[in-house]
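Some structures are shown below for you to check.
In the two assemblies presented below, chain A is common to both, partnered first by chain B and then by chain C.
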Partner chain A sequence: MINVTGNHDTVTIQLTGRFDFRLIKDFQTLLERKPRIWIVDLSLVDYVDSSALGMLLLLREQVRGDAQRVQLKGLHGQPRDVLVMARFDKMFKVV
Partner chain B sequence: MCSTRRVPLVVPARRTSLVDVMGMVRRLDLEYRTRDEVDAIADLVARLLPDPALGRLGLVELLLNAIEHGNLEIGRALKGRLLREHRFEDELAARLARDPYRTRRAHVRVEVLHPIVEIEIRDDGPGFAWRNALDAGMPDDEVPGGRGIALVRRLCFPTLTYRDPGNVAIARLELPP
Partner chain C sequence: MEDPAALAWIEAALAKVVADLARARSLLSDAMSRLFATFSGLRDQLAQEHALYEATLQEVNGDSGLVGVLRDVLSRCVEDMVRIGAGSVKVMMEIESLRRHAGTVAARGQQIERIAGTTRMLSLNARIEAQRLGGSGAVFRVIADEIKSLANESSSLSKAIRDALALQTTSLTQTGGAVSKLAAADLDHAVVSHKQLDAAIARLTETSARSLHILARIHAEVDAASQALQFEDMLTQLLQSIGDKLELVRAACQTGSFDQLAELEGRVQRDAVSQQSLHAGAVELF
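Presenting the complex of A and B:
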């Protein structure tokens, strides 16, 4: 599930449950927004797959690779294991 | 005149569930075609694995690969491009309806030979350069796709390998005693 809040400056994407291949379409709709900062809140996510990695990279591309402009929040458990393994803790700002 | 009264026979409900039989499974053969079927297969097969949570992730990755990369022949670069152009889902649907992809199926075989569980996922596609993919590890670039195999190997199924020409993925796991 995706819940989006924010304004033209900062948009927070709050995900719940599984952040996986089923969300690709919804996530792409989100990319029509162009905020300065994206915050991806993963505190309620208990499962990510490689499609989630792909979706985060799409966000990163949208801000032209500026690591400061995509922030990952609430990393824990399985999502943290997967993201760290993919070295996303180096490619994104973890808050 | 006498009448017989029918007494409804009450059969006590016997509650059985999948949990009761999963321990008896020695072999499973499943066939599927679309991504919508992947969650259900992964939920079922994961119950046979030593770590169901990580096992489920590994299964989903391999089950999706068999459809997307195997049967529908969408390689890593193409998937990246389609994702960027927001056309990935549409392209999957289009290929599923089109020859030669339309008639292809993917097949899952699970064999439980205590203490080993062997999983085999086979697709009807042409295969791929699997040795390169296994050697490459986690990509360092920013193509938004192609991280599944590295993920599966590192976190879920360290024994993941393929059979030539690359359309059969095999993983062996050891169950705790």
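Presenting the complex of A and C:
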């Protein structure tokens, strides 16, 4: 499940449960927005697959690779293990 | 001491004892040489084993070693999976865009069909009107037939487009399904492999440290044993001293002159305070 809040400056994406390929359409719609900062809250996510990493990379592409403009929040458990293994903690700002 | 026979017997006995002492010295020297050689070889073997072990550890733990290679392979594998995931997400988004476009085209097709239907109605009305006018309406009838024919053609074309779009949509759905499987790669196995590798490295490091510690202890023990073998010097000198003293006694028995025995007494007293054990410090020469 995905819940989006925010304004022109900062958009927070609150995800719940599995962050996987089923959210691709939602992300496609999301990418039409152009905030200065994206915050992806993963505190309620218990599973991510490779497409989740792909979606995060697309957010990063949208802000031209600026690690400070895509922030990952609430990393824990399997999502943290996967993201750290893929070195996303070096490519994104982890808060 | 005055009995020459007794002195001769003692002298003969001492001569045998002195000869036995010489044999004992020889046997001891031979045994000690072998022991030295054995310990020396053991020390060399230990040094070689230590060097070999260090080289093996380097092969395993070094940057280009087995562990480094495994980490590299695993990292590349994860990078590939992430790349495939990102690529698949893009493809799925493109497929979704194509679906939307197909929906837009299908809606236009329906508009065209509605226009064709209206046009057919108009041509029918024109034909009825031409019929009512009789001979003067012949031209209208031809035009009405032509318009009807165009409307039918437009309708057929629209149906063909609709069918093609339906096929394309089916194909896009199937492609999307296949790509979503690529996009949804489970990374848990890679995470588990990473953790297993880290645990194996930790175990290997601990075992290596223990093995090196044991090797160092064996080396120290061998060094201590080699040092302990210095008792050969002491024992040889002790045996030599015993032999010398016995020679003095034997000579006294042989000559019947016991004046030199005072010197013997002095040496016995001096030796009594000499080296008593290997732990008493440096080897003391007699």
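We adopt the following convention: the second predicted complex is superposed on the first by the 95 of 95 C-alpha atoms of A that agree within 3 Å, B and C clash if a C-alpha of one lies under 4 Å from a C-alpha of the other, contacts with A are read in each partner's own complex, and residues count from 1 in each chain.
Keep this in mind: contacts are C-beta pairs under 8 Å (C-beta built on N, C-alpha and C of every residue); 3 or more make two chains touch, one makes a residue touch a chain.
Note that this is a predicted model, so its numbers are computed, not measured.
K.L.:
Applying the touch criterion given at the start, work out whether A:I13 contacts chain B, chain C, both or neither, answering first, second, both or neither.
P.N.:
A:I13 contacts neither chain B nor chain C.
K.L.:
In the overlaid three-chain picture, which partner chain does A:V45 touch, first (chain B) or second (chain C), both, or neither?
P.N.:
A:V45 contacts neither chain B nor chain C.
K.L.:
Under the stated touch criterion, which partner chain does A:G65 make contact with: chain B (first), chain C (second), both, or neither?
P.N.:
First partner only, chain B.
K.L.:
Between chain B (first) and chain C (second), which, if any, makes contact with A:Q78: first, second, both or neither?
P.N.:
Once the two structures are laid over each other on A, A:Q78 reaches both partners.
K.L.:
Is there a shared patch on chain A that both chain B and chain C touch, and which residues make it up?
P.N.:
Dual-contact residues (chain A): 20-21, 24-25, 28, 49-51, 53-55, 57-58, 78, 81-82, 85-86.
K.L.:
Can you name the residues of chain B that touch chain A in the complex?
P.N.:
35, 39, 53-54, 57, 60-61, 64, 80, 83-84, 86, 88-89, 138, 140, 142-145, 147-148, 150-151, 154-155
K.L.:
For chain A, which residues count as touching chain C in their complex?
P.N.:
Contact set of chain A toward chain C: 20-21, 24-25, 27-28, 48-55, 57-58, 78, 81-82, 85-86.
K.L.:
Using the touch definition up top, name the residues of chain C that touch chain A in the complex.
P.N.:
78-79, 81-82, 84-90, 92-93, 96-97, 180, 183-188, 190-191, 194-195
K.L.:
List the residues on chain A that touch chain B in their complex, please.
P.N.:
So the residues of chain A in touch with chain B come to 20-22, 24-25, 28, 31, 47, 49-51, 53-55, 57-58, 60-61, 65, 78, 81-82, 85-87, 91.
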